[in-house]
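Look at the two complexes coming up: chain A is in both, with chain B in one and chain C in the other.
This part shows the complex of A and B:
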């Protein structure tokens, strides 16, 4: 009897884990198919046309990258609210350097390459500032990145005096208009970025450490992980991804400004959460985030085609964000309840504790966090 | 042990204040001194009236945010709630032809409280992380305002409301001080009393300091959270109406985007992002400090493009200083505890 009762939870746990790993992204794929079918039926002449699908593919990469930047920081248990400001500042860096180089007689391609390098440097720099604030000064990520959001966008406004920069090199502009095998170059870039970020998060020591820090900072400390170094890398990575998004944003709009994409923050967080990222940390479903970005962009495009107000789309973003998390919380409770019911027979506390402990998903573990933090507050 | 902690740093600790209020006062005094040195003409009574005027709305908004930050949460939906409540009250008044100076403030507070229920359900009912919950409700509330209530600029308010907005309490150095300062001050004092003297107020600190301990001590965490989010909604709705009355028009695109300034004022004023700390006095100082900085940037002739960046630096410094002092405090207490046990 005892063997059966211990087998059941661990089996359930394994099922749960595989569902969590592949199932969520699979569900998102189904959701995407559903969205495409619904809008194609509602608006057959426009939505499913190759031109519209291509325009969706043009719009997805920048917002998907911003969502990935959020997902990476969220998986470490933090958040980076400065991504849009970082993206704009990086794009401005790229634009001003490459424009200045071209004015000095440097060929366009070389200027573009330098510009992109500058953008990535600016992005990593912004990320390192965030990382220092979070890791060294121990400022709460929400507050630190809210403040740097103002700082970075304020700096961008100050440098440009509020006017957009035009005249980007052709090689950068090409990212926003050219296709390879019908699919936009920027979308290929996104696929490449997803593969690289997925590999970093799932196949390298750094990725493992980021997720461990997110799952349980205390456990990570006891494991000998240098938390501050991991957090620095996390925010630097997020800054680099945001810089890439900034380059694509400026390529698509053929300009760089301090105020581009102000509505992107809510959208990026919604996509990250819909993609399966746990805001409390400990999970990095990179592919899921990519698919979620396509889902939301398809909905936005479908709404546009049906002349539905963009404000309704804003409501929908908020609803999706909240509902996904409510369902997550509920599902977690439900499976916990089921596993507890199935492991009820053995009366001894040790077996019960062990079985529920095994079945408790990773994301539930950080719950004691506030307790330990809170107890430090009282002197 | 209490003797141990008190003896050496007694005076400094006393001056510093529980939430660094003393430090804030010092910084404000230093800033005033700098302004007096570099541009003596600007330090006029009119400047104080200007600062007071620009602080009124932020102060009203900050009171609600303070409640939530003390309880260990964060709110980014309050500006959306504020403008939703105020704008739809004005729309409602125009459509039923009501013209009154007091009712709209109550109506806006009620609408704000109703919207606060959304946050209460998400945070207290579904236990969502507060940033994510309020980010979601911000999208929902703002989208609903623009899609269903209206997205047009209303240039003239009903006359009684416009009168309240223009009514002067007094005039300092040629700058008017609105009568709306009074209700905001009354609310601030009322909240300070609730926070310090009532069981409910102390439970908010308890929840923010250590939710699990608060629960075990018999505090109904969910119920307190529900009340906090509804109260914060009501305060936001009221603040939105104050804003509309003061500017003399109703635009659904205003206020949203100023969240950070208000949150920064609250945090700079000593409220800990981890919860369990903060005071109305500190928040008032934080609001005044930010208003003073913005005001003196204009008066000292700093170009407008630099204002956001400078404010960003100030916010960052304020947040960093608070984080550092909190760390020092917790370090000190653990060292002493270990000394006592050893």
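This part shows the complex of A and C:
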């Protein structure tokens, strides 16, 4: 016992130091490793099989992209609840245009390219509608995008009468089934998207403005950042990312429908927050969101392999969201507390030592009378 | 006064946060019916001491004697039940409730009342106000009141709680001269009732006008204690900052004849009317007046936050569109707003991001990609130019002291190479050392040909740097004090007349 207790703290301390150095995304990487190890041990023949890992890799990209769309809007201090509806509407646009083109004798690849362009246009259009509501009309993002969510999906149902569209061009279907170096094409696309979105958020003026608007809209106004223009771009970006997710969704299901992925919205929010996005804005950890998507998909797949009810997964998903939000709130409080404590200029500590010897105009030494009670011990 | 009984005594208080020794062996003795000034620069430990005496923080060492009992730490409820009340700078009032509800709220909650009677709340409020000879409508919503009235409401709330020691953290920061007068009257009334008042202040004049005794903290230690008669201005300042404060009038004679900022008869209904003045290259113009006189609104309008309905504003002959911040910025106007924490800085963001926030376009290439080398070079140059004390530019700006945060706001604008720098109360809540540094930055920038418009009600500050001082009263420009007449006495007299 005694030897164990002397070893344990130092080991824990070392683990903690490593974790601190790696940051939140590093923690997520460890979490992912833990999840994979646990399920591999529980279900060695199935979970760790290349086929299963590949199926996880097929499922991750669409949900990861939706979570990235949430992360981008959250970092501006808002949210886009219409992402799944936008994705479906974009996919329907791509499907209907490319199917019609092929019916008119246009080659499949050209039809696919046109379809993808249409999807992105629809996605950006949906985003601009959200952006107008949020930026120009100053409607709370959560309400504006809840309304457009109903609007977009209602429109999609009305146009298709609720029936799925089949017969997508092969080039689009290939995105859902083909692999390059064992890894699905869609996963390669996700990696590319993560790099591009990361670069936009961290290496462009737009990304910096989005984060600053999210950090403090009022300070952004007084800094000369055109808030409404920035928010318009934010929601357009979110719409474009959702459209990309929509293309991958239709590629994987070989169809486009108004009602695909109805459970994806909350999952995408959970992933975005687990990935380290601050729901209050000002932080956009794009890589973390990508890793968090893999974590949740791995858990879902692991549960599946163990024949655990999907309802349990749903409960777990909700639980993760609650726990991460609680941690986020508490950490917010903690960091605020820590920064407040550390906000004294560091020179004070040094000056304290120096000033003790310096001559100070002491007009009258404070000489309190002896107190009634005796000595006190403090810890 | 010295014969009055001690109501609160702290002895040998020690408190560290991490490696920072916030308080070292600090003593404080508060007597009934005295006005005690707790003076100290930012980070001297005053706030920590107040937190410990109000039970918010526990000391590492030391003891607190209150009403004859000695304890090693107080709880918040314990300190309230002993009659200790603190009015923080943010006042902690409910803007959506009425005056009466605000005054009665804490007593009712503390008394575990589940049903709150509006009539009783109003009666309580009227009683308290009568005692202080105040006249504020108990049914008014708090958000409809001026800052000064809100502060009086906060005092009423403290009194409703049967206060014996009232701490006030920089109570006059947001007040104008005559509002300060009202506050002083209330303080005298409380004092006559035997309430001890402990107030925190940076302003030396106020300290002498108001206090009976003074305790000066510096770097966590009590460096001077005594009756007000034992101090003079110089010795107090020396105790506060450990060296002599330089507040002589230093203005260059190097003002160019070329007009830069032309403000021509601008009006905004209900805020200000027919404001006209011209500022030249290298000139520092002071704009002063009582709070609510319209001086802040004039600054907001020049920067485009508030639209003006008539008249024109031009920089170098180019007109600025009314109510358009972007047009003001592209004309070369920079604005350091009055509320540093919510308008000036992005609190949780890195110092470097705060410094580049206003000049993002110039740091990106045509495609919008940021140029990291240009950013790093710009940030390093600003940190050097402003002599900012930072650990790393990637630290959050919240890790800096108030004075350094304000320098970051100024730096953010210097990065845009402005023609006109408008500052609204840039040294409010800033310690004396940082204040001197900020004023020196203004002198240097003026010497480089920038036009500076300084909105302030800190008269010595205006006198120290301004070539001319303009006075706003009830929304109109009523006076201009030319350079040879700018003295503390003249500015004070003509701004409150």
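The criterion applied here is as follows: the second predicted complex is superposed on the first by the 310 of 379 C-alpha atoms of A that agree within 3 Å, B and C clash if a C-alpha of one lies under 4 Å from a C-alpha of the other, contacts with A are read in each partner's own complex, and residues count from 1 in each chain.
In this section, a contact is a pair of C-beta atoms (placed from the backbone, for glycine too) under 8 Å apart; a residue touches a chain by one contact, two chains touch by 3 or more.
As the structure is a computational prediction, the values presented were derived from the model and not from experiment.
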Partner chain(s) touched by A:140 [first = chain B, second = chain C, both, neither]: first
Contacts of A:108 with chain B and chain C, given as first, second, both or neither: neither
First, second, both or neither for A:224, with chain B first and chain C second: second
First, second, both or neither for A:151, with chain B first and chain C second: first
Touching partner for A:29 - first (chain B), second (chain C), both, neither: neither
First (chain B), second (chain C), both or neither touched by A:209: second
Contacts of A:305 with chain B and chain C, given as first, second, both or neither: neither
Contacts of A:273 with chain B and chain C, given as first, second, both or neither: first
Contacts on chain A seen with chain B and repeated with chain C across the two complexes: 368, 371, 373, 376, 378
For the chain B and chain A complex, residues of the former touching the latter: 5, 72, 74, 122, 126-129, 131-133, 135-144, 146-147, 151, 208-213, 260, 263-264, 267, 272-277, 303, 305-313, 315-316, 319-320, 323-324, 326-327, 329-330, 332-334
Residue ranges of chain A in contact with chain B within the complex: 79, 133, 137-140, 142-144, 146-155, 157-158, 161-162, 266, 269-270, 273, 279-280, 309, 311-319, 321-322, 325-326, 329, 368, 370-371, 373-379
Residues on chain C engaged by chain A in the complex (per definition of touch): 9, 11, 17-22, 24, 27-29, 42-43, 59-63, 65, 68, 70, 72, 215, 218-227, 230-231, 235, 238-239, 242, 305, 325-326, 329, 335, 337, 342-349, 353, 356-358, 360-361, 363-364, 368-370, 372, 389, 391, 396, 398-401, 404, 412
Chain C contact footprint on chain A (complex, rising order): 203-206, 208-209, 211-212, 215-216, 218-226, 282, 335-336, 339-349, 351-352, 355-356, 358, 360-366, 368, 371-373, 376, 378
